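Comments concern the structure below.
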Amino acid sequence: MPVKVTVWHEFRHEKLSPAVAKIYPEGIHEAIASHLRRVQDLQVATATLDEPEHGLNEKRLEQTDVLIWWGHIAHDECDDRIVTAVHQRVLKGMGLIVLHSGHYSKIFKRLMGTTCELKWREDGDREILWVTRPGHPIVRDIDDHFILPSEETYGEYFDIPEPEETVLISNFSGGEVFRSGITYTRGSGKIFYFRPGHETYATYHDKNVLKVIENAVRWAAPTRGS
Amino acid sequence: MPVKVTVWHEFRHEKLSPAVAKIYPEGIHEAIASHLRRVQDLQVATATLDEPEHGLNEKRLEQTDVLIWWGHIAHDECDDRIVTAVHQRVLKGMGLIVLHSGHYSKIFKRLMGTTCELKWREDGDREILWVTRPGHPIVRDIDDHFILPSEETYGEYFDIPEPEETVLISNFSGGEVFRSGITYTRGSGKIFYFRPGHETYATYHDKNVLKVIENAVRWAAPTRGS
Amino acid sequence: MPVKVTVWHEFRHEKLSPAVAKIYPEGIHEAIASHLRRVQDLQVATATLDEPEHGLNEKRLEQTDVLIWWGHIAHDECDDRIVTAVHQRVLKGMGLIVLHSGHYSKIFKRLMGTTCELKWREDGDREILWVTRPGHPIVRDIDDHFILPSEETYGEYFDIPEPEETVLISNFSGGEVFRSGITYTRGSGKIFYFRPGHETYATYHDKNVLKVIENAVRWAAPTRGS
Amino acid sequence: MPVKVTVWHEFRHEKLSPAVAKIYPEGIHEAIASHLRRVQDLQVATATLDEPEHGLNEKRLEQTDVLIWWGHIAHDECDDRIVTAVHQRVLKGMGLIVLHSGHYSKIFKRLMGTTCELKWREDGDREILWVTRPGHPIVRDIDDHFILPSEETYGEYFDIPEPEETVLISNFSGGEVFRSGITYTRGSGKIFYFRPGHETYATYHDKNVLKVIENAVRWAAPTRGS
């Protein structure tokens, strides 16, 4: 049976900034979804903030095994009712993959119980992501590290609960470190936070980044029959 | 320097039920506080739901190193503003000890990010609490187990994040098990959940229960100078 | 591709005790293996202590994705060289499922770094195993608990590192509790310890016990391509 | 009551290399011990490899609350009998602080159950250690980061079990990251691994490094009366 994945995107930067639109002409969600559609046994949908109920009505959530979440400038516009519905679905087993600035989304903060604050700078630093959990399904077919030539910099302290698994840690050329790939379980739901993906860089066209997301979708899918 | 501890209590059952009032004539908070007042280097205050701001105004919270929390039938009456203030203080380092039915309090659910639901029955079961982390400061001077002759029964599954440390696990005569002493860190704050203490039993007069609470106060106190 | 599982068994009790031989005429390993052989996409082998190299030569270990281990009265007869070979294979990704008295095997103690001691009594207690991690693949198709009418009793403190995941906790009718289903990762290898299975009880004919073992085999299998 | 700490040092490099002897004329153990002797309520002893029983006879171990361990080129010369005695003391509650190349000592590998391998280069990289657990007693009075101008570089993957707490993560100017301050519990013993301290750098004269070690000694001391 295929894993049903919904890629949720705030989808605002692309409409506001020609530079972003040039990198992601159809939106970040489509960059991710178009990759996932080429993967065997995945069934891919998208949803965005400005759709009714943010594209996440009850039926859509029920039919989602794994939800991917990218948000940044409009976290506050997320309807608390929808956030609560997503929260409940995660606790009942839906996987959740939170990308980049989604660390500060309502849903991630609610699941973590902490501020989820971090340090950040935007200088186009070189980021190296090192695998700290080889053999983990999320880093299947990933080398011991991979490099992103330019990214927004995030730095510790990242105010999150101690992760269950730390799968990737980043080194930035400016001197920072960051726990970039971390997992949690909340209720029956598996959660993966994955750091990279500032809207002004072509990060979601990078094959390693897409591979990690693809692996994470399989990892986060709920156990059948449980 | 003394550890400043505030014992917060809903303090409703004692006013509603003569049976409860007989066990705790001055309230559960006083049963706990009167023990802690006899302990060296603790400075003990109490606060209750029906005081202004639930007895937890800004000044009181700032002067609290460790907050003990007992609530049951009036979780919903807790002002969200106060819950937010407590939440922020925990993340900044205030210790929090959540007792018994406090598992379902707003503050505990907010810190955990899960439903915090569990199974329960009230049959006066015998409860044995087994130490699963000998040498942990919370079970200092506690034998490998201790027995409560009659308690409310809680059962798994307890919907909480995987604990950082599981210090005590209960066996109930009716067949249940329960993770009865568990720890978390959220931000700089240390959190201890401790199961026993239904209002119709003399649990907070039990010397082992009081010793665990006393130990937990010391353990949860914030690091000076950090 | 099928998961290659090897069921390793000390296979001594069956030869020494007619009572045990009556329950497991072909040995505990065959009780487990015959169940796994009926499961789709598993390729099942067995190995026993008294075979050359305990049936675990280099080739066999290389062709094993998941190793199941039952030992009790002859832990000391395990050749350290073989234990080292198994240890290295686990660190490189082979899954390991340690059953019952295998808690005291050389391989488990070496992987844990602790004494792995526990309390035990043999009184035929009733054991209830409660699920503490619903949605986990190891308890797929298992109800919120299952009951074994008679088993050897194990009790806490179990001297192990804090588990990564606690999936099952047991209640014994004599008053004990025990962390009966726990997981670890060491290197790239996934480890599951599963408590039940004293040789004088028909535990490995129980459908829930067999289902948990079957689930654990799938869970512990190494990630392909990593 | 004072905490009794023993600083154990291999003490070979200082005898073999004039460059090392210039930085640590009385040995690395004395650089650490002389700092700890100035700290209130610590009682400090030292022990070295070439003393009888490596300076760690039964009486000395019994009188040690916390053992600090530095070794590098002579791990194999450590008598297995002494390693076993140290191991047993840790499980019974003695704290253990393992420094730098001690990651590859017999005692650390035995406690971890993994290879404890890592990547390394010696290029005098700049190392920044970032605090990932503010409020933790081990980083008391430490800023959000501190810098070592030149150190040996360690890189992930570091083959260790998932830490209970990750307190410090390093960024190296060459691009590596490393989990530099991590904690474990084994039996009743608390373990802290702390990365810095290559013998050719003045790292154990750095005030932040010494402060972390001092803090760790207090943190690792066993609970009285347990």
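For reference, chains read A, B, C and D in written order, and residue numbers begin at 1 within each chain.
Here, contacts are C-beta pairs under 8 Å (C-beta built on N, C-alpha and C of every residue); 3 or more make two chains touch, one makes a residue touch a chain.
Only a predicted model underlies this, so the values are computations on that prediction, with no experimental measurement involved.
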Steps needed, at minimum, to go from chain A to chain C via contacts: 1
Between B-D and A-D, the pair joined by more C-beta contacts: A-D
Same or different contact residues where chain D meets its copy chain C, judged by the half mark: same
Centroid distance [mean C-alpha coordinates] between chain D and chain B, Å: 36
Of all residues in chain A, the ones touching two or more other chains: 133-134, 162, 164-165, 185, 187
Chain D-facing residues of chain C, complex: 91, 110-115, 159, 161-162, 164, 184-187
Residue ranges of chain B in contact with chain D within the complex: 93, 133-137, 139-141, 164-165, 185, 187-189, 222-226
Of all residues in chain C, those that touch chain B in their complex: 128, 130-134, 144, 155-158, 162, 164-166, 169-173, 175-177, 179
